[in-house]
Amino acid sequence: MSDLLKLDQVETHIGQYHILQGISFEVKKGEVTVLLGRNGAGKTTTLRTIMGLNPASKGSVTFKGEQIQALPTYTIAKKGIGYVPEDQGIFAGLTVEENMKVAIQKENEETAKRMDWILELFPDLKKFWKKPGGYLSGGQKQMLSIARAYVNENELLLIDEPSKGLAPIVVEKVMESILQMKNQTTIVLVEQNFMMASTIGDRFYIIDDGRTVRSGTMKQLKEDEEMKRKYLGIA
Amino acid sequence: MRLIQGNKMTAFILVIAAFLILLPFVYESRNLFILLTQIFVFAIFAMSYDLLIGFTGIVSFGHAMFFGIGAYSIGIFMKKFEPTMTYFFLAVLSTIVLTGLVSFIVGLLTLRLKNHFYAMLTLSLSGLFLVLAEKWRSMTYGNDGFTFRVPELFIDRTHFYWLSLCLMVAIFLFLKRFTNSPLGRVLQAIRENEQRTESLGFQVLHYKIAASVVSGVIAGIAGILYAISLRFVNTSVFSMDITLDALLMTIIGGVGTLVGAIIGAGLIEFAHDWLTALAKEHVIFERWIIFFGIIYILVVMFFPKGIVGTLSTYPWKRKKQTAVKSKEKVAG
Amino acid sequence: SSDKSSSDSKGGTSTDKKEPIKIGVLASKTGALEAYGKQTLRGFELGLDYATDGKREVAGRKIEFIVEDTETKPEVAVQKATKLLEEDNVDFLVGSSSSADTLAVLPLAEEYQKVMVVEPAAADSITGSEFNKYIFHSARNSSQDAVAGAAAIAKKGVKIATLAPDYSFGRDGVAAFKEAAKKLGAEIVKEEYADPAATDFTSNIQKIIDAKPDYLFVVWAGANSPWKQLSDMKVQEKGIKISTGAPDIAALSTMEPLIGMEGFTVYYHDLPKNKINAWLVAEHKKRFNGDVPDLFTPGGMSAAISIVEALKKTNGNADADKLITTMEGMSFETPKGKMTYRKEDHQALQSLYAIKLEKKDGVPYPVPVLIRELTPEETAPPIRNK
Amino acid sequence: MDLIINLTLNGLATGMLIFLLAAGLTLIFGLMDVLNFAHGGLFAWGAYSGLWVYQQTGSFIIGIAGAIITGCLLGIITEKWIIKPVYGNHVQQILITLGLMLVLSEMLKVIWGPNQLTASPPDYLKGSWELGGVIVIKYRIFIILVGLFIFAAVQYILKNTKVGLVVRAGVMNKEMVQALGINIQKVFMFVFMIGAGMAALGGVLLGPYSGVIHAGMGMEFAILAFIVVVIGGMGNFKGSVFAAILVGLSGSFMAYYVPDLSLAVNMLLMAVVLIIRPQGLFGAGGVRR
Amino acid sequence: MSTLIETRDLSITFGGHTAVDSVSIAVPEKHFKSIIGPNGAGKTTFFNLLSGQLTPTNGKIYYRGKDITKFSPTLRTRTGIGRSFQITNVFPNLTVLENVRLAVQSQAGVRYQMLFHHKKYRVFEDKALEWLKLVLLDDKKNSLAINLAHGEKRKLEIAMLLALETEVLLLDEPTAGMSLEEVPAILEVIKRIKKEGNRTILLIEHKMDMILDLSDSVMVLFNGGLLANGTPEEIMKNETVQSAYLGGHLDERPVEA
């Protein structure tokens, strides 16, 4: 399998702060790669750097063999990278429908089909279709955010803590949906819910202090008590 | 750390103030003193505005309202009665009462409104004051305005210079203390997140009204000084231009800094003086207003947080951040 | 402004020949009244040259003048006036374009005891409630305008409606007009005031039409004007004759719809037929590449002439008290004929002109054509400074 | 009756004119949330450049086109150099656009001189019809028609394309819109350009309405435009039309029936509307974060 | 134990949609109650009603037997109901320390003091710092809140609530987005407060293990209505809860926990 996405010694500054200090990892096509690490380790910043929202100051980000670290965000997104941000990024004043409309890149049958699938996945969205996004409950916002990323045909999805605020049953649904998409869409997942991460993840990277410090297959991680304790605080 | 800086700033201001107090003994360009007096007056006005925009996060387009009340109070008292200190104090008193009352009512009426709507409502209220001043001609002589005499004490412009200077420093110190008081801190919290301030147990409207009243009264005092310095008042004291002046001075200096308001007032008045002087020497400066406009644009480009705001965040905070973590580091 | 001489500013005795006489001129070089300010300034300079035969010298003393821009803002006017008085030690003030600017400066003339010649601000209060003895008003005031306006149309039995902007200028103008018109036996049937910034005058015009006057007298200043709507609403077709003061050339061009109207004017370059005006027109064209003098150019010139004439009489003595006694009642020749500073209130009595707007070939705007000159006696306003 | 019709017709026309002046601002201020104090400068430039082209070519239509092009160009330049760095920051917007306003209106004087200029409509729009006691001014009817057309056109675009949504979304969360693959900079520039073009259109139509144009006209009408946008309910086109007509009609009727308040009518109207409906006539209530 | 908070028929409707539907509960003093339910069930809205952010369309709220339905959020906080927010809600451009200091100041009742410098109240700052230490955020005390990572903001949110020292704590998903490593620490804090035994706590969470661990009782909201109310064990046995909320096709417990 080839690397769909590759980060090589990426460093990122925000203002005068040096946040990422050497992030390197590869994402294989068709896999779910999980980024782990404690609060403030730099997981979100890593995803934002890939999206070009906090451009890398050093190192390279390669997507499908092309360096994208210097491109503007919208170009990166257009290349087929979807993003579910940590804070959901709902347009509070727009209705659910309008939120989706803004997200849709191409209006075609494919999209329509995916839309049906999404509404089946999250029936709540259909219920609040004409309501402003700002009125949604925390979990519903999370669903909408995920839905917006699902609606386009993306080769790569960056998902930042999807399970946050979701009821267990919905978490399950999201996991299922990710597994369903796996063949067309590669996924980079930041997740604190270890159950979820370990169930659907194929490969993991641990980020600490802005550096990738460990990596391996999910199986290895599950078995490595030492590593789990040290970096993830799970005993 | 910010605070130490703040204290340094205060000390610096006091030194400058001392220098300015002594200045008339060694130097006597009355024109300069008139210019400086003007700066002090507008600095007071701009500081009062800063309390709203910089500390409480309220943008008002009607601040001229209070300025005008002050200016007309003194003018009418001096014209209709006697230009004596007694009436002067009565005028000051009535300014305080009127501006306090008006800002209280305006606050009650308007402060529940959100940003733009609030700004426009204040604009309309001050517009109504303008119309009132225009229409109440027996009192105000309409937009031609009227001149009046001032008490003995203020006739000498050097005296008046000192008075304005002292008042400016006093008001600066007062506002500094006010904004740093527990109450002032709550104002800043309101600026940041009104709803959260509420749920912390602070009665937001009370605070906003307090800020509005303090700001209104101080603006009224600035209006008094302004009218005395001109010995003339007309409807222009209620005009949008006056509000814009306060706005510009505050923003150029840097909102939420107080000193910025003073610096902004100084910068605008000096630039104005300088550019109009240039206009007499070079033809291209005949349209000096263009250069004035360009100054505004450049300030935004090079001092995005205003002059004081930008300078005070730039050179001091050179801290190299290395993702300070107290947790034990793990070797790769 | 480079001159830092700090010798006795009250000096200027006739023996002191070296000391130049300084005149501080306040005018709007920017702001709403920029055009007026510039006319005054041109006129003033021409006036100095005319009165001194180009030597800029009187009784052996050089005459210098320093121009300051009031920006049409009272606070700036005060600041600039103080600078002129304090720093430049001027002997005279001249100005300014706006009434508010001027009123704000008047007390300074008194405080510093310098003669101030007011030009072209027109408010009645300059020689009325705000008068002090240092003030000489070379420009005509609103009352004179009004008297002239009345003289042009008011007769026994004539019904007149007025339309004016709703602020001091308009209100004063109408008040004065009313007084003058009534004196001539006319009846004022309607007084309308409009928002000076209005875009729509329908209701005012409607009310005027309903009042069925013989004449509509309009007092107006400023760019935003009702002329177009007056013609659109066919006021003249309804038998209401419109009358107003003819403005400067730029504004005349907006009065196309009013061709044929009778009114008055302060000045138009081919109206007064006299030697000085001929000189003014010729010289103005020469200096300013063919431009003709405009509404307030002769005013600036008159102000300068009156100062020079006064100095000639005092033999170069710029002492204010001396000047005041000299100037009170003084007559002097101007492009608008002979003017006289009235002793009581220092208002310059002067001619105004009853005119008719006509289309003239080769001129892109309606031209005021003389009907008759209104003599200074005729236009003399009431004395109001007591 | 004639009186009422006269007042209504003229109030309506004035309202439509105000709408035309405010339409651009509805996009720029209402939708994009840019406190553009230079808006008056834009319509003054529209008025001057349009008049100039009209005089050069003799065609009013080409004049209007000229104004719109000038407005669009100015819009592009302004967006690129002045507005772009200050999106989302009202304080900076106030300062920088006031600076721009000074530059724009002084430049007018540099190019066309400080004097007012006469602007009259083309012959086919001159004059008026008199039907009984009702006076119908041709140019005013023209204004009403243009106003309706602009309203319909913009409403169509906002309803049938994503542009309006994208702009609103962009104002709420610029990063997210970009992360969804939209070049928001370009969209903003486009909308700003259209807004400036519409301002210029308003300006060029204003000239013949009052008969004169002058460099100060920008500031004079900008406040009116702001009033309309705010009481209409920020960025709501229907609201803007409604508010503009309300301003026009109340001006017209107040001046007739309560002349003493006519100076205060706009301010009173705004105060009353905002006290009764703090979110503007057509504004939505506040939305929870 | 006496009843501290009681709701009677509490309802709120948003334009036809009833988000909270006649919920009547009574929470005794020093009780720990958890609220669960599907997304959009009305949990946060219920909190909003208790804390005064929203006014009910129907029903009453009592605090120590006193009707507080009409109280403003401010008043409720002063009365003794403090809350944290699900969507992080802090003062973005103030430092972390100042964020908490404001809460401490409010707790101390220093509200309209405008003549003394706020530094006069040194204790406030010290106290604020203590709270920050408690939630493991003291190393970030001088950062602006806006620059915090998500999990850090959550901790700040909790610190601000704790600093208010209110009788009642409403915690809306306090640990959402907090890292695995730090959840136990926060849990520890909550447990300790519980153990101190002078607070009444209402907790909204989706983490079942946490709920089972902490709660004295659990209530389940479903479509705005009160579906069940009982001991954790009872709730876990409830069929509807199992199928509509928990699902259970995949193992919902962390593998190792």
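Letters A, B, C, D and E name the chains as they come in the text, with residue numbers starting at 1 for each one.
The criterion applied here is as follows: a contact is a pair of C-beta atoms (placed from the backbone, for glycine too) under 8 Å apart; a residue touches a chain by one contact, two chains touch by 3 or more.
What you see is a predicted model, and the numbers here were worked out from it, not measured in a lab.
Traced through touching neighbours, the fewest hops from chain B to chain D number 1. Distance from chain A peaks, on a Cα-centroid basis, for C. Averaging Cα coordinates per chain places chain C and chain D 37 Å apart. Chain centres here are Cα means. That of chain A falls 76 Å from that of chain C.
One inter-chain figure worth recording: chain A and chain D are separated by 43 Å, centre to centre, where each centre is the mean of the chain's CA atoms.
Under the contact definition stated at the top, the residues of chain E that touch 2 or more other chains are 87, 89. Contact of a single residue of chain A with at least two other chains is seen at positions 17, 38, 40, 135, 231. Among the residues of chain B, those in touch with two or more other chains are 134, 287, 289, 325. Here chain B touches chain D in the complex through residues 53, 59, 109-110, 112-117, 120-121, 123-125, 127-128, 131, 134-135, 240, 244, 247-248, 251-252, 255, 287, 289-290, 292-297, 299-301, 304, going by the rule given at the top. Those residues of chain B whose C-beta lies close enough to touch chain E in the complex are 1, 3, 177-178, 180-186, 188-189, 192-193, 195-204, 206, 210, 324-326.
Interface residues of chain C, counted against chain B in their complex, comprise 1, 29-30, 67, 69, 71, 73-75, 78-79, 82-83, 86-87, 99-100, 103-104, 106-107, 111, 123, 125, 129-130, 166-169, 171-172. Of all the residues in chain C, the ones that touch chain D in their complex are 32, 34-35, 38, 166, 192-195, 197-200, 202-204, 206-207, 223-225, 227-229, 232-234, 250-251, 253-254, 256-257, 365. For chain D in complex with chain C, the residues that touch the partner chain are 3, 6-7, 10-11, 13-14, 17-18, 109, 114-118, 120, 127-128, 130, 135, 137, 139, 206, 209-214, 216-217, 220, 248, 251-253, 255-256, 259, 262-263.
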